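Pasting the structures here.
Common to both upcoming complexes is subunit A, partnered first by subunit B, then by subunit C.
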Partner chain A sequence: MVESTVQQSRSRDLDKLLLRPGNLVGPNFEPGPGLREDLKEYVRVLVVGAGGLGCELLKDLALSGFREIEVIDMDRIEVSNLNRQFLFRLEDVGKPKAEVAARRVMQRVAGVNIVPHFCRIEDKELDFYSNFSIIALGLDSIEARSYINSVACSFLEYDADDKPQEETVKPMVDGGTEGFQGHARVIMPGITPCFECTIWLFPPQVKFPLCTLAETPRTAAHCIEYAHLIKWDEVHSGEAFDPDDPEHMKWVYDEANKRAELFGIPGVTLSLTQGVVKNIIPAIASTNAIISAACALETLKIASGCSKTLSNYLTYNGAEGLHTKVTEFVRDKDCLVCGPGVLIELDASVTLQKFIELLEEHPKLLLSKASIAHRGKNLYMQAPPVLEEMTRSNLSKSLYDLMGKIPKDVVHATGTTNKNDKKTSVLRKLRVVFKGVDEITDMETAAGGA
Partner chain B sequence: MAEPKTKYDRQLRIWGEQGQTALEKASVCLLNCGPTGSETLKNLVLGGVGSITVIDGSKVESGDLGNNFMVDESSVGQSKAKCVCQFLQELNDAVKAKFIEEYPEALIQTNPSFFSQFTLVVATQLVEDSMVKLDRICRDANVLLIFARSYGLTGLVRISLKEHTVIESKPEHFLDDLRLNNPWPELRGFAETIDLDVSDPVAHKHTPYVVILVKMAQEWAKSHGGKLPTTREEKKEFKELIKARMTAIDEDNYREAIENSFKVFTPRGISPELQQIISDSRSEIDSSSSDFWVMVAALKEFLANEGGGEAPLEGSIPDMTSSTEHYVALQKIYQAKAEADFLVIDQRVRSLLKKIGRDPSSISKATVKSFCKNARKLKVCRYRPIEDEFSSPILPDLQKYLTDEDYSVAGGFYILLRAVDRFAANYNSFPGKFEGVMDEDISRLKTTAVGLLSDLGCNGVTLTEDLINEMCRFGAAELHAVAAFIGGIASQEVIKLITRQFVPLSGTFIFNGIDHKSQLLAL
Partner chain C sequence: MIKLFKVKEKQRELAENANGKTLVKKQSAGELRLHRDISELNLQKTCTIAFPNGKDDLMNFEVTVRPDEGYYLGGTFMFTFQVSPMYPHEAPKVKCKTKVYHPNIDLEGNVCLNILREDWKPVLNINTIIYGLFHLFTQPNYEDPLNHDAAAVLRDNPKMFESNVRRAMSGGYVGQTLFPRCM
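Moving on to the complex of A and B:
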């Protein structure tokens, strides 16, 4: 009795939105105590990244009615995080972000359960991601966003009319900041544009031409990149440059200074050297708070329907006055990631080995070292070694047999591809169709399956 | 103790040592430490603000545990100000944090001089009556003031102060100051030493576009009675002429010259915005004038005399395809001109200071230098007293906000945020705060809003039933995510005001948490 009064008053403010009917709400909004309890018990949210956005997201979600939260981040805490990642203290430096962040939020918000994962996002199997109702992204890398996006889109299934099946849509909420600017967006795979549909919003960083660095340096950054990209290798044969090693950084700084002096170029400082070499993005607490809050609010709205949702991209700029803008981007109907999948026609005799080789040459895919999964079952895994060994014998078997003699179905391939001269992990959905297989088999299999 | 430089590295890259010093000297007072206020201060404490004073008279209730991260189970029954202050102190021991357990309304009423000790006051969740009173107090005491309020899925942020002047407005996109439309003798002289038709292909493709454009513009002027291209045809022809001088297809410098040819066509002289600043009555200075206006007065003299209508040169050039030698030489020419302009202005600042009876060295050279470098980007922001806006908003604009498709929800929330205060004054609680009287509250709020609109002279405009229902549904809830958003903006504006960098928001920011079509309303 006492327990329940306390529980009710704790959600005093949130209850106004969750318990009362309204007209400006989502289509599936069913207000009432049941909704509040459902959010607590059944909605599982994954927060990707426990940095500037991730810390805020965890707090915001824990105070927005969610109880089952997990967080994944491979980084450890650094001193330069402390101006905005408010869940970390000086004594935490060196500890895994995900673990400290989860613990701090649980200490302060009673009843919330946050499971930390201190690892790379690629280290988790697809099954791990499929467990969540919503994925909230607080990342600073395009590659990581792209990867999670492809994972969430891989769960999407299309019906016979190429319409996305609602129950397979895995919503994502994505935030990003740089200085006073940021964005928040809602991605409903198959319904609103996915990250890949609008990849042009994130143009690759322009690099200095090597000839400028070597022959006609003009700016301090040119001198720094010369020391970092050219001189380092000349002098340290074989030793890789480590941006986190202060000795290495000092060496680059000194060399850049020498070069700047030689050419009469002003402006080389240690701070600029670090900024250029590590590609440091300036970051402040306020923008992270604003963008994370927008993402958390959208997560609450998607999960509960208590209001309309952002459709579908919010840009924020707080440097000159304050500008916010909502843009309704449209899907790329040929998107390789959130579309029905790349169609691949095969002979029934093609082995798994041969299939993996085909993916490497396929012009739309160019996928190296692919691991293949079918309906959640790993047909072949490149890593870890234990799984590689367990699945190796499948390589010589025909894909048709491995897929249970179904004439057409979706398989998932995870591998690497080259994007802007950078090896990137990708996940692709492939629609495999076997040629010359009798349609009757199709029906039999379908019947058998049912 | 970690080196503060490392801890603050990511923000020092935005507002620099000077901005950080200003922040560390500032004392900020927070009124009401619910989630909106607490989140505002959290962002400032992390950034290293000098001192904070948290003022709140309430005790922590279990309802607060659901929306405020700064309180926990052990806080229930204790002073909210004390608990919030304790948590904030944990975040950064360099910040001096204190609290006063008192209701802000009482303090505003009984001890107005209390506020004059602060650099800035962040007033959260205040109702209209207290806002008006506090605004008068802070204006009289020259204390910066920011209002922030979260209310259901809406909220507002409003700055209030007489005048805020900015030298380092740091716009992201601003035309660089190359003077290609009006080169001074040294720049022309340098261009003359370079032959555009040099036969060495390496030298040809490394002639900086600045030189190409200065020379081509001069050639053009010679054959066009001293005039630069103005019509569309002329501009096109000018670009064709540049293209014709290319000797190879891969000459990036010529491509850059064509892309940047508009810098030759732009009109000479200063922008209308800067014109407005130098025409401002405040540029007629006396002993009470601020440093900013003294420097504007010097700028005004410079424009009329040595500047020949141009502001002092900024002195930096963007990166461009060039040999190192030419680029470095160009850089020096621009820097020398900027230094010469600075010396003239500096001299004028000293004599003006003397004239108005101030110590001629009372404005530092560094400040004058920064002023010269940013002369084209100066900003003056003024804010109407809250009382004036509340009693006589700019009617045509208000009408527009309430009827325009993009603005009507934000405009409606603006009116409703005021209407709920009137409602509370009449009925002792906010609409929808309690269960069971929803229908009555809805019709009362509607009547209140209609009354308010009519008092403002805004007849014939109606708010939608949906929005009024929604406002009652909110029941004055302070949702954590909305509070974090509003608090985030409030803290950002605090930083802009204190560092005197970037441009603070103008008007009232109305948050629309329904579809995020938030708006700034200037009334």
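Moving on to the complex of A and C:
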């Protein structure tokens, strides 16, 4: 009896979204109690990161009616996390974040199933990521976002008219915070801009000139960077600095302090040292809560269709009063990560040499002197001479063989093209499809048998 | 998208019983941009490039500079480049592997070149950096020193600086520091 009352009160707010029709709902929205069950049954959400945002996201998703959730994070819990990463307790320090976070949410939210993965995001195969319906990102690094983005976009396929195929779209919801500011965005690869389309949104980190650090430090940060970038190498020849090793951090802090004293500069503290070296801005618990809530709601909207999704980038600023705004960014049509590229159909017998010549004549490309790369392998390089020599023998081989005898895949070509009588260098994505090569997949065999 | 997820979840269950995993090397946007930079390299005859890990690792390479004028004429200086997947958002990490008596390069191989740190912009490329490194040797600059002593000598006594450079390059001591021969 008690159980069912709890369930009822838990789903009361959710039901307002899932049971009633509306004017702002997404396409194909079919309200009804079955939807609540379907969310549990058929939607699998991956949460990337179990830190400040990740803890909030896991709790929010579990309470929003998702049942099948997994979380991936490579970090262990530190004392300094405890003020905002509310799923962790003092006795958890040193344990993997993903495991503790999963367990705590499962203890508090009946029926939810959270599978933790204590590893690096690069350690998982593509198949792991392809299994999820939606990927929610709670990360603090541009590099990690860029990686997950490239993975999610790699599932995307286009049809012959360069339209994205809906069943290959892997939706992502990305949150990020820095102090009192944050963003939440929805990425539908092929439909809305991907992370790489708008990489310019993230300004490069400010780097102090080495000579300033060595000669004329003026701020506490200068002293810290001197100890970190110059003094460390001088003293520990060969040993790499590890920002996650507390002893290394303490050493840098002590050296920075000595230097600050020498130049009469105040303000070097251990937490500032960590901040400068790891490039961290203090995290604010409430910002994480607000951004995660927005992300969890978008995840629910994508899955259920109960409302149109954010279109497509929300910024939040709580530093002075409160300011929030949604901007609709546009895709970079030539994006190498999410764009369709140029479709090229070839016979399996075409040599790499012939392929390079074809690119020169192709009306959409007119690409001369092309260098070709496929999945991290350089098939042919026009320059420098040392690489040209190493790749020259590939020219007479068939492209089909060089690409590992797969019926279709993406290759990248760099070369020059004439634009308004001016030679410009371009890097293009090409979708190569081999004609007359049978593509036998499980799906087709199944369909053929029926 | 719930209908789509339903269909896919059913497919997934089918597939799970079927075949193995595909491990595919992901190519980052940074690697692609680097591929373009490298394939368009236009090196002067004073600079050469080598790829110690073979043709498929462009992210780690070595550049050798042989100045054809100035104080460092006749010397050979090797730099390592480490390019991150976030290139060109982030500048490559460049170190000088040849111990050199130079106002803008310290004895650990740190290089003071503005475009490697404060003035890096994604529109710059590998060619620009190599060009910049070459210029460090033809125009050493005492105003942005990393090797303070070398900078002071260059500013106050260019003749002595010249003889110090010669001594260091032919494998000798400048002050307390021994330099290996590099010519």
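Everything below uses one rule, namely that the second predicted complex is superposed on the first by the 326 of 450 C-alpha atoms of A that agree within 3 Å, B and C clash if a C-alpha of one lies under 4 Å from a C-alpha of the other, contacts with A are read in each partner's own complex, and residues count from 1 in each chain.
Keep this in mind: contacts are C-beta pairs under 8 Å (C-beta built on N, C-alpha and C of every residue); 3 or more make two chains touch, one makes a residue touch a chain.
No experiment lies behind these values; they were computed from the predicted model shown.
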item: First, second, both or neither for A:Asp38, with subunit B first and subunit C second; value: second
item: Contacts of A:Ala303 with subunit B and subunit C, given as first, second, both or neither; value: second
item: Which of subunit B and subunit C A:Ile191 touches, first, second, both or neither; value: neither
item: First (subunit B), second (subunit C), both or neither touched by A:Arg218; value: first
item: Partner chain(s) touched by A:Lys16 [first = subunit B, second = subunit C, both, neither]; value: first
item: Subunit B versus subunit C as contact partner of A:Val437, first or second or both or neither; value: neither
item: Touched partner set for A:Val115, first subunit B, second subunit C, both or neither; value: neither
item: Contact set on subunit C toward subunit A in their complex; value: 1-9, 11-12, 14-15, 18-19, 21-29, 31-33, 35-36, 38-43, 48-51, 54-56, 58, 84-86, 89-91, 104, 106-112, 114, 117-118, 120, 122, 144-146, 148
item: Partner subunit B, residues of subunit A touching it in the complex; value: 6, 9-17, 20-24, 56, 59-60, 63-64, 79-80, 82-84, 86, 89-90, 93, 107-110, 179-180, 184, 216-219, 263-266, 271, 274-275, 280-290, 292-294, 296-297, 300, 307-311, 314, 318-322, 324, 326
item: Residues of subunit B that touch subunit A when the two form their complex; value: 1-3, 6-14, 35, 39, 42-43, 46-48, 61-63, 65-69, 72-73, 90-91, 152-153, 169-172, 206, 319-320, 322-324, 327-328, 331, 432, 438, 465-467, 469-470, 473-475, 477-485, 487-489, 491-492, 495, 502-506, 509, 513-518, 520
item: Partner subunit C, residues of subunit A touching it in the complex; value: 28, 35, 38-39, 41-44, 125-127, 131, 133, 142-143, 146-147, 150-151, 154, 166-167, 171, 196, 199, 202, 204-211, 214-215, 229-230, 233-234, 237, 302-305, 336-337, 371, 373, 375-378, 381-384, 386-387, 390-391, 412, 414, 425, 427, 442-443, 446
